[in-house]
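Heads up: the structure comes next, in structure tokens.
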Amino acid sequence: MSGYIVRRLISMVLMLLLLTLVVFLLFSVLPTDPARLTCGKACTPEVIAANRHNLGLDLPLWQQYWDFVKGIFVGRTYGSGTQTYSCDAPCLGYSFKRGEEVTTLIKQGFPATFWLATGAFIMWIVVGVSVGIYAALRRGKWQDKTVMGISLIGYSLPSFFIGLVLLYFIILKWELLPYPSYVSPFENPVAFFQTMLLPWIVLAILYAAFYMRLTRNQMLDTLGEDYIRTARAKGLSERIVIRKHGLRAGLTPIVTAAGLDLAGLLGGAIITESIFSLPGIGSLAVNSVVDADLPLIVGITLVTATFIIVANLIVDLLYAVIDPRVRLV
Amino acid sequence: MGKARPGVLAAVVVAAGALTLTACGGGGSSSSSTGSAGGTPTKGGKITYLEIGEQFNNVDPQRVYTGEDLAFFSGTIFRTLTAYKFSKDAKEGTSIVPDLATDTGTVSDGGKTWTFTIRDGATFETGAAITCADVKYGVSRTFATDIITNGPQYAVSMLDIAKNADGTSAYAGPYKKTGQDLFDKAVTCSADGKTIVFHLNKPVPDFNYATTLSAFAPVPQAADTGEKYDDKPVSSGPYKISVYKKGKGGQFILVRNDKWTQDSDPYRHAYPDSWEVDFGLDPAVIDQRLISGAAADQTAISTLLTPASLPIVFNDPKFADRRTNEFDPYTRYIAVNQKKVPDLKTRQAIAVALDREALRTNAGGAFAGDYADGAIKPNIGVDYAPTGMWDGLLGKTIPATGDPDYAKQLLAGKTPTITFDYPNTPTNAKAAAIIVASEAKAGITVKPNPIEAGQYYGVVFDPAKAHELINAGWGADWPNASTVIPELFTPSGGFNLSQADDKAFNDASAAAKVELDRAKQATMWQDLNKKASEQVFIIPTRFGRDQRLPGAKIGNAYLWPAYGSWPYGDMYVKS
Amino acid sequence: MSTNSSTGAGGNYLDVRDLRVEFPTEDGLVRAVDGVSFTLQRGQTLAIVGESGSGKSVTSQAIMGLHNRKSANISGQVILEGEDLIAMSDEGVRKLRGQKMAMIFQDPLSSLHPFYTVGKQLVEAVRVHQDVTKDAARKQAIAMLDRVGIPNPDRRVDDYPHQLSGGMRQRVMIAMALLNSPTLLIADEPTTALDVTVQAQILELLKDLQRDFNTAIIVITHDLGVVADMADEVVVMYGGRLVEHGSVRDIFHRPEMPYTLGLLASMPRLDHGRSSRLDPIPGLPPSLIRLPKGCVFRPRCTYHDKVPNGLCDTERPELITTAPNHEVRCHMTADVRRAIAVERLGARIEETA
Amino acid sequence: MAVDVDTEARGADGVVAPEEIKGRSLSAIAWGRFRRDKTAMISLGVLIFLLLCALFAPLITSVMGLDPYEINRHAIDDIGMPLGCGKPDSAFFCGISWQHPFGVEPGTGRDLFSRLLYGLRISLLIAFSATTITVILGTVFGIVSGYLGGRTDAVIGRLMDIILAFPFLLIVLALSGVFTQRLTDLGVPEGNASRITYLILVFSIFGWPYLARIVRGQVLSVREREFVEASIAMGSGTRRILFKEILPNLWAPIMIYATLTLPTYIATEAVLSFLGVGVLPPTPTFGAILADSVQYMSIIPSYLLIPGVLLAIVVVTFNLVGDSVRDALDPRAGRV
């Protein structure tokens, strides 16, 4: 087990390195010269050259990559002479556009994204799974058909459209909620919930719809298993059969999906965050693209990818805990 | 603040400027802004600014260069040697008064030497007295062009310091310190540190207008953190920064600077106790808040209304005493890349075919502005004269909807294919569609090339990447076309998107710049403006207008001609 | 047959009367079991044989009450010690399940829950019906594992099913079934998933247990070897119907229904016939949705011409008692049937007679 | 729950094994089930209708005398508002007339009905092509990694992990500029051609791993089946095994995946063009129209709602059909 984890961690690090390389190469060919972007109207070749040097863009690509990776582990310093900005490990780069370290920017963005993701996560797991089970138990009946219909529509609606419609009716037209402006739940819980409610709903709709079907189908598969019949043959009551024998086996696959989806969202929900102007990683990502803020884009990409990869590991470990047949070797 | 609103793309980078409304203050504009005046100003309260952008482009005094920001910071935290008078009257509002200096400066040596005396009792938020050295150091920072980016370059171009071969200054700024001695000769301080003298490389009759820019604001050398100074500059005004949190949901909060004294600063009124800027709000939401005017939003302000809100605000009498509808500082135009379209007739054909009427309608019709006939905007004053661009200058009178047949005639069978660069916003996409459609009528194929707003100028200023047509806008830095013609149409200019480089034109422009006879200078600018239109360096589309809706409880909420902005130093919260 | 067995109506321990099970599916009504009747005494073994789709398993699960009554129409009577299970409430049947009547399924791997240890599953089975502590239940479980011949059960008890061999798993299934010493045990293809030697052990085990607990066993199988080895009585099913019923001797030595003949003919000599399958009957089992109009076996029956005026095509044959406790469903006359039997299986009949 | 039918269906006694089904091809059975499913048939009808609309968009619009590109100055007032919109007393569905059933675009007066119709074309074009490529990639990689196993499998596995770890939207947004340019350099005609190609490519590149995983799993299970082992024993070539033995068993899951992927691609395309990535003006797309509508949300709600609802209808329809196909091919996964 521990040996397995070690091996997985190693391969994880390797994968992340590979990932950084891919990301790096991909973005080393952006249309705009980052150095040019750092200086505004009156821009002389000299200025560009200077900035290029400060950004380390005058170095060969492999050198840049090396510096970048080194920055992650031991930190690095930009610029030269009297004007140097040191960026401590883990350094994902320095955004000259915003005059901040990428890590700082991402840290600033994380809380909003975190609350958005976890809140929505709880919502959709509760709703999706319970309704899914309900549908499975009512299989083929009108309740089941209704649930499936709703869920289908649910995941068919483009989230940005749901978001805009809710924004228009709930906030602009009927003024049921105040205009979204993010506050930390510790500062002002009420305002926090008022702001987060719609974003949570928008995200939850999409995922809950999906989880309803997932849960339902998993449950149906499980309830069709021979060992369920055995459990009945033992004389167990239907409730115990479903609770003890059905759910555990049926919901195991949900763990995987849930883990990865949550991880994905922790990397920022671009649409939802932009629509409800949440100061999260998602909207940070969009702006980084709009500004061609290269270091920031690369940084966010890496962080997001890391979340996913780590989640993969965690899910696998969890799986081993839940399902004795899975052996980690 | 300087951030782009849908449709008002140019505001992303273009400099703000002083304007006079005398020339054409039509459109019921002046009447519309009378309401907010009157009543006696009272101290206290907080004014909230609702902002789309997620941070200021810059806060560093030497780097601020967008109209609204210049007005805001100059009115609150940066004192400058001279400043524009607070008044909504076009003439007064663009006249200069002493601020940090005791007078508006004395000129000698035929306009090449300017002297200012610094006021007693002026201090930084630290309590330290502001001396010549601080002003001098501030100015010197402009030369560190690798760190102090985005700011105006007037100090670099005007001060009497040798240039390198590549045209850059021999002085590399206070960080590298190369050529420091040259700078110390160009800007000198008296022993008592009260008097500062600027030695210029050629006569600049209106140098004391340039000194209104916060680029000439004092910076205590000890506190200079270079790049980082942009986050928390030291205040010399009645307020100081207490919070600056960037990003969506971020805030910028100014509180009173207790070291500041009214008698050391007769210029600023500093009525409200604090200012709050809320970043990263959706334009539609901002307008909605100002329109529905909830209690909290009655002391709120913002800048331009979105096209969608205009009908609501201007069709409803209840806003009559609040709404403003004035000329903004900018001329909207499409720069025509001279390098890519060398043939004059082709350039003229493009201009002739363009449906300016549809473009204007798309931008909001009369609200978007009046049809433009050149780079120089009428409200600049003496320097403007009609160029007649659409009234025969191009060979015949061109209707606002364009004249495809005449364009064909000019093309004489040519069917050019050109590309139009524009910042990628939905409204611009529609403008692009209009350009494509109208040029097509003349057999000209236009390919739209949307560019992410944030990268726009980074791309179009790169000669390798700029295409034939480039969407842009520009406003004068002060009421003299010396901040328009040379900037836009000569290689030495900072905003020469047209890639214009016409020997005769360059020389004429250089001459006009140093002409001391203002009347004579004016006619020279008028001729050059006409020439630029005739040569189709640009296709002027609109003299932009600007509609705003301040909160009901904001006093002195008039559009300040100086920057085409709110008069931040003059505004107050009605009790 | 034991005397102490409390017997229900008609003196039978188990009395299945005119059992019918139907599944409404989107393809139509599936008549899985159509009017099956038989009886069984304690200590006796009844074998139900037939091809896939003949309704064997459905019958057994109907007896256990494992069908969901919402999705299956069940009619007739299953009288266990005088109580009609069909009429009884779900709850009532549940209480009997695993206690008075237990079932062993084929493919023990999929029939045991992969997430729980053998012990946990056995303990659960004990505590459904007995009010005992976990430890007590665990002791019982271990004892039972030992009883069904699992080496060092006290360690095995904590294994997961996937850690056991096929034979072991089947023993665990049996142990689970016997925990509450049921008096009716239904074994559905108990040995098909196992290899020959293990099959033998399992069958022996079942027989021992039957002796000790005096259990009534219903064994469902394709495998005539198993039948010969265990059964006292045999029910032959085809197309959801009972087509022949009699003692083992009757079925093996005096078969009368052509289908039974087919089964036997397809079976090699008993002594080495244990794992033989019954395929070479020409044709396929009928669709339970659209049964042939006449005799269900008609399409595959080579002797229907022996019946006058095509009765086989028009009329369903009734179940007729041809000898004491020997019933057959066929239109042919008794002597014709016997003649055919001799003709088909002459050799074997002589040999074993 | 109707569990018993299932267990039976899979159990030794295949109760639900009507002999007339034996011999009939899976597709025939599936089609049989599909036909019996009312929702399936209705949604299929709607889908075909939509396809025809898209296909004959030019014809339809010209018959109605509409042109998606024409600037209709007459349809908007002098500040660019659709006639009747923007007044304090404006109706919810202002700007809608017999001539312009869905209203017109503020600022230009271009007809929305025809623009949406043309937008539908683009969406479907992209979605269909992307799905096709995705399926090809996914199948090939899935088979290869499932069949060859070993190192190949591992390598492909890692590749998939990396692709799936990327933040799709961010990458697509960030790279659109460069890669569209690259495509043009590679000879794809610049402008929409290359931009559409870009979208199709990114969709496929980020989409195939999901299918590949499914296919791989199938291949692994199929491999175990006797007949493959048999044919290996018979020494038949890998090629034959792949195409004769394995592929036939794969088309059902592939079909299911394809039908369920198509709608997600339609939706994603809309999201991307909403964020400004996608075809150039004046070519219309759902996303671009919705993006423009946002700023008018408060005064021309219909401008937001009509395109949005239409988009939703399209996606729902395709999902419904996809669902029914899944149910038909694999009844145990879906409804009874």
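For clarity, chains are labelled A, B, C and D in written order, and residue numbers in each chain start from 1.
One rule holds in what follows: contacts are C-beta pairs under 8 Å (C-beta built on N, C-alpha and C of every residue); 3 or more make two chains touch, one makes a residue touch a chain.
Keep in mind that this is a model prediction, so the values were computed, not measured.
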| item | value |
| --- | --- |
| Common touching chains of chain B and chain A | D |
| Chain at maximum distance from chain C, centres defined as averaged CA atoms | B |
| Which of B-D and A-D has more C-beta contact pairs | A-D |
| Per-chain CA centroid nearest to the all-protein CA mean | A |
| Inter-chain centre distance, chain A versus chain D - centres from mean C-alpha coordinates, in Å | 23 |
| Between chain D and chain B, distance of the C-alpha-averaged centres to the nearest whole Å | 47 |
| For chain B paired with chain C, centre-to-centre distance based on mean C-alpha positions, whole Å | 94 |
| Chain C-chain D separation of Cα centroids, rounded to whole Å | 51 |
| For chain D, residues that touch 2 or more chains besides their own | 1-3, 177, 294, 297-298, 336 |
| Residues within chain A bordering two or more other chains | 31, 172, 226, 229, 289 |
| Per-residue multi-chain contacts in chain C, two or more chains | 61, 66 |
| Chain B residues touching chain D - in the complex, by the definition given at the top | 6, 283-284, 287-288, 306-312, 315-316, 355, 357-358, 361-367, 424, 426-427, 429-430, 432-434, 436-437, 447-448, 450, 452 |
| Residues of chain A that touch chain C when the two form their complex | 225-227, 229-237, 244-245, 248-249, 322-325 |
| Contact set on chain B toward chain A in their complex | 13, 15, 54-55, 65, 145-147, 149-153, 156, 164, 166-168, 175-176, 226-228, 230-231, 246-250, 278, 280-282, 284-285, 288-289, 292, 452-455, 457-459, 461-462, 465, 494-495 |
| Contact set on chain D toward chain B in their complex | 69-71, 73, 76-81, 85-88, 105-108, 110, 177, 190-191, 276, 280-282, 288, 291-292, 294-300 |
| Contact footprint of chain D on chain A as seen in their complex | 15, 18-19, 22, 26-27, 29-31, 136-137, 139-140, 144-145, 148, 152-153, 155-161, 164-165, 167-168, 172-173, 217, 220-221, 223-224, 226, 228-229, 264, 267-268, 270-271, 285-286, 288-289, 297, 300-301, 304-305, 308-309, 312 |
